[in-house]
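Down below are the structures I want you to see.
In the two complexes below, chain A is the common chain; its partner is chain B in one and chain C in the other.
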Partner chain A sequence: MTASTNDVEVVHRIGGSVDEVGAEARAAMLASRSLKAEAKLWGLDLAVRCCDLTTLEGADSPASVRQLASKAMRPAPLDHSIPHVAALCIYPRLVPAAVEALKGSAVAVASVATAFPSGQSALELRVAEIERAHAEGASEIDSVISRGALLAGDDTGVYEEVVAAKKACGDAHLKVILETGELGSYDRVRRASLIAMAAGADFIKTSTGKIAPAATLPVALVMAEAIRDFADFSGRRVGLKVAGGIRSAKDALRYLVLVHETLGTEWLTPERFRIGASSLLNDLLMQMDKQRSKTYSDSDRYTVA
Partner chain B sequence: MDTRLEVNKTYKLYVGGRFSRSESGRSYAVSGPTGGFLANAARASRKDLRDAVVAARKVAGSWAGLSAYNRGQVLYRVAEMMEARRDELIDEVSAAEGGEGASQQVEEAVDCWVYYAGWTDKISQVTGALNPVAGPYFNLTAPEPIGIIGIVAPETGSLLGLVERLAPALCGGNAVVLACSQAHPHPAIALAECLHTSDVPAGVVNLLTGFKDELVPVLASHGDVDALDVSGVAPDTAADVEAAAASNVKRIVRPGPRLGPYEVTAFMEMKTVWHPKGA
Partner chain C sequence: MTSPVWDYAPAPESSDVVSLRDTYGLYIGGRFVEPASGSYFKTINPATEEVLAAVPEASTEDVDAGVVAAQEGLERWTSAGAPARGKYLFRIARIMQERSRELAVLETMNGGKPIRESRDVDIPLAAAHFFYYAGWADKLEYAFAARRVEPVGVCAQIIPWNFPLLMLAWKIAPALAAGNTVVLKPAETTPLTALLFAEICEQAALPAGVVNIVTGGPETGTALVAHPRVDKVAFTGSTEVGKGIQRALAGTGTRLTLELGGKAANIVFEDASLDQAIEGVVNGIFFNQGHVCCAGSRLLVQEPVAERLLSKLKRRLETLRLGDPLDKNTDIGAINSRAQLERIQNLVGIGVEEGAELYQVDCELPARGFWFPPTVFTGVSQSHRIAREEIFGPVLSVMSFRTESEAVARANNTPYGLSAGVWTEKGSRILWMADRLRAGVVWANTFNRFDPASPFGGYKESGFGREGGRHGLEPYVRLS
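Right, the complex of A and B next:
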């Protein structure tokens, strides 16, 4: 019997379970690596390029999105050596404003969709939300899975909704949010990762950022290992996005180390690795200045938003 | 056998309301007044200093926003805690600098807190002003906290010398990152225990023990430190320290008379407001 890679059966063929203590110990070991001098500066630069600058607040408006878009295109207005971020991540209603503000730049527009953050609405509404966001110009879609269905053991249901989401995306990139904080175990995180990848996800993403715990190193490690196993099985390389609670440059560098050690240098690019964050960007800029000038800076020197 | 084991204290840093070892894991040996080994002290790194400034910045706004009267109560509470631990403080100072004058040093340090506790809600009346201007405006000048003060504590007067710089900075509503006396750091950590059990919010006072030639240049050049008290800077490095401090136009504070309201305003900025008079 040969299973195609686009089949929920793949999840069971790859299988595997997670050694919880081992995963946490390995994540802690990787977190203790320290990067120095040029390697650190390179890592900080990469973290900026991999950043999905995110605003997901009820108070977001076209004006606040325009402000953040200018930050995304030029994080440090006075320093041209600082690259632009990968994408601007926003609510679907603000896609037109973001597309307009980012016109002509290489920054992608990423829209959350599928009744973010809970995913608790009818499938056709969730699919329609993706289609609308894509039609309005979003080139990346951050969708959520039905955690309730996964916890109830309905793997096929989750698989099929991701398939439907991928179809609705068209040529846009689909990032599938697992919301690992609600899954309860690393085994379920692995299973959800494999289901999402088998169903066609371009990226798998840890969290919405609305639930604690959000991204943690062990969870990212488990997901990265699932990505590696899926790539070995199918040859398709799926990206990893960590999001939620990543505020310091130190945290960002730890995720880069973890990705490098688990997936290799092929994943150290914005095409395969993203960090979803809002306040992280200024800390990255601050640490880059620190590396260059050897003196500590203060937050007043960086633009808000 | 009824011999008790000695319970020796591990002297640590006081950063963000926690007693922690240096992130570097380093310590250094401190000598007593006769030159023999006294105890080890934590040797703070530049990263500890960075963490201390972050902790201070986090709490600076809420500390400055307390009512002046409330800040006075907190400073008085420090005096209460020190009075309660008087014997311990005298022991610490004696062990570091010798017994002569130790109890006087502790008493004056306690009184120093009481003195500045009284000034918190009077400094604005005494140094502020309603200025006469040629126009239909109320023109008001009042002192405000500068923000984060870096203090390089004097080498001698391990307790009193430090308190005479720390208390006025707190009286003015600032948060403080302080490099303790390198030769006699232990009384400062005993003081930290008094601060910790008083109502000073965590992060308002951060005490670092270690080598001044490591800590002071980082403190002086740090962009998020707003003023630098140079009481304990060695004369031969003073010019370099002040040049580094100029990078973000830090105010340089030099110690004046031992006590007085102008020791407080040295750590404050004068803000002047023009307010239109009613038509």
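Right, the complex of A and C next:
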């Protein structure tokens, strides 16, 4: 079935609801999958490739971003079998430094924008922030939605803001952060997902990482199911980004299993799945070494940034 | 490393934790004894057809020895006193938890169910039943206010092969808590966890004769039911055998409870949360390969969402993993026996002949063992045999409906009445449906959920009597 998707009405036509108990039970079941041997190694490698290596601190500087950019391109300097990550995710002011540092590599520059993390500034300022980040070379924009508007029932308002953000992005990819930890119910997570996708989001993303709870498996499941329903309706395949609190390789693999069994193998690619994280990368590297050598290495064998 | 298809590597649970004996004895009077019959039968792993052990075929004489031992045990059990009876039951529950991995692996090896289910459902629930009824042991006068409560006596209990240890727990825990002693016969194809439970009784130093386990086939069961010194019979199994037991006991004064077959309707309304309803439908019919008396074997779906639900269901079935039951990622294990596989194949053949449309997942079945792929029939009519008869396998019959009344009429139009499921976001509709569905259990927005505190049992040809909860004590007490 295909239909016009540039319309907030799409949200109500796809509709649907989420049963909390059932969604949590399904997520828990998926979390019990056991990955061994080459299946585990393949998953760890994919997790590295899907990683948006992130630093979003007031203390970030061009120099610290250059350090992280180097890690993004070569997560394990002595092991060339380890792939580069998908993107480096930073604040807008650091986009020029990141672009410079990543020049010539396939690692994308992703900038948060739209008064991250709260989104509480005027729409024209938020739009200008996207335009500036894009003009300075960011090829991916992580924007936030107005949770206040969504909670007040203003679906059209949220929809129009995402449409404006998408327009400001130009040819950059738009990831729309729902900040699910502030939405209060899985039904609202589903509605926000559908609004963002109908408005043109290339990715929908769980969280800013500044609010707890951030990404959880049931939230990711509910968003993946919304992505599936939207793809059935419109034919357009939107990506999923989970972010916030994902620190261990085990957690990352659980998200990959969830995506695999909900959306299928077509989503097992950095084009359609991302993990936003900072400390996760070293655990992925450590677990890959462990899987190959059967022993754990000292943590100082992995670079801090 | 670049494979676009992510095949999970084998992740088998080790069977080292189980130490099987070549030959088992009958557990009578607190000891493992050789059968007077001198005859044994082999019990196998249905996933591999490999012989696991030889188990005694109890004769009439052996059954008699079991009942006599239970009668002798009655005095020891009575004189232990209620607090001590509770203490023994708590002890058994704890040992079951401590040995849960061993029990789970053995349950899977002998019955064919996925280790994920025996590990996460069967064994924890079995232990939970003992914990629950342990609590009642010294509080029976509060369960039945202002009544004098006495045990019934010797209980003969016959259990099926679909949840061997869990059904044992449902039977033994309330009987012992109420002060009775038992002779239990596990199913012919799945005797091993019951025999391991006998070892647990020994480990718990349970007084001799309180629990007796006799293994065997239908003749052993017939001898046990007909024994004149049995005070109460509890049976879980097929409706046909249940009717035979009721006939045999008519006029004898022996108490009887029966938990028999089912053909449950799982009813999905247009406003249901569809993805979660899909999980409920899958769990309803494919849990334990559909070897579940309360399985949601008839899917009734409201017309506006029928097509969408069906396409979602088919997509979901593609992700089910069928194979080695000991693999931690297996969703669908082996069919319990060759006889059951043949029965499923026969009924599915009849469904095709009757004109229903067959959909089967295209999955590779292992070369050895008994297997049947997840199967969905659409275009099923109320008059088709696959809509009426219990298949007891991974076979779902799908029908659509338009109104609430029609859903109720279709759901109730069956000789059975064990369970039903209702999927809707509207609370008042759940209550309206539950009032009208003639089923012992009505699940709302879930399916196949069990709790020791919740009574379970049937209407009509699904049997009578309740197991679980305070209600589950009633068949095991004499009130005055």
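In the analysis below, the second predicted complex is superposed on the first by the 302 of 305 C-alpha atoms of A that agree within 3 Å, B and C clash if a C-alpha of one lies under 4 Å from a C-alpha of the other, contacts with A are read in each partner's own complex, and residues count from 1 in each chain.
The rule we apply is simple: contacts are C-beta pairs under 8 Å (C-beta built on N, C-alpha and C of every residue); 3 or more make two chains touch, one makes a residue touch a chain.
Please read these numbers as outputs of a predicted model, since none were measured by experiment.
J.: Contact-wise, after the overlay, does A:265 reach chain B, chain C, both or neither (first, second, both, neither)?
T.: second
J.: Could you figure out whether chain B or chain C reaches more residues of chain A?
T.: Of chain B and chain C, C contacts more residues of chain A.
J.: Mind working out whether A:301 is in touch with chain B, chain C, both or neither, as first, second, both or neither?
T.: first
J.: In the overlay, answer first, second, both or neither for which of chain B and chain C A:281 touches.
T.: Touch status of A:281: no partner.
J.: So, does A:53 touch the first partner chain B, the second partner chain C, both, or neither?
T.: neither
J.: Spell out the part of chain C that touches chain A in their complex, as residue ranges.
T.: By the definition above, chain C touches chain A via 1, 3-11, 116, 120, 271-277, 279-280, 319, 328-329, 425, 445-446.
J.: If we count contacts the way the header does, which residues on chain A are in touch with chain B in the complex?
T.: Touch residues, chain A against chain B: 295-299, 301.
J.: In the complex, go through chain B and note every residue touching chain A.
T.: Going through chain B, the ones touching chain A are 50, 53, 57, 218, 221-224, 244, 247-248.
J.: Please name which positions on chain A make contact with chain C in the complex.
T.: Its residues touching chain C are 16-19, 21-23, 25-26, 32-43, 45, 225, 256, 260-261, 265, 268.
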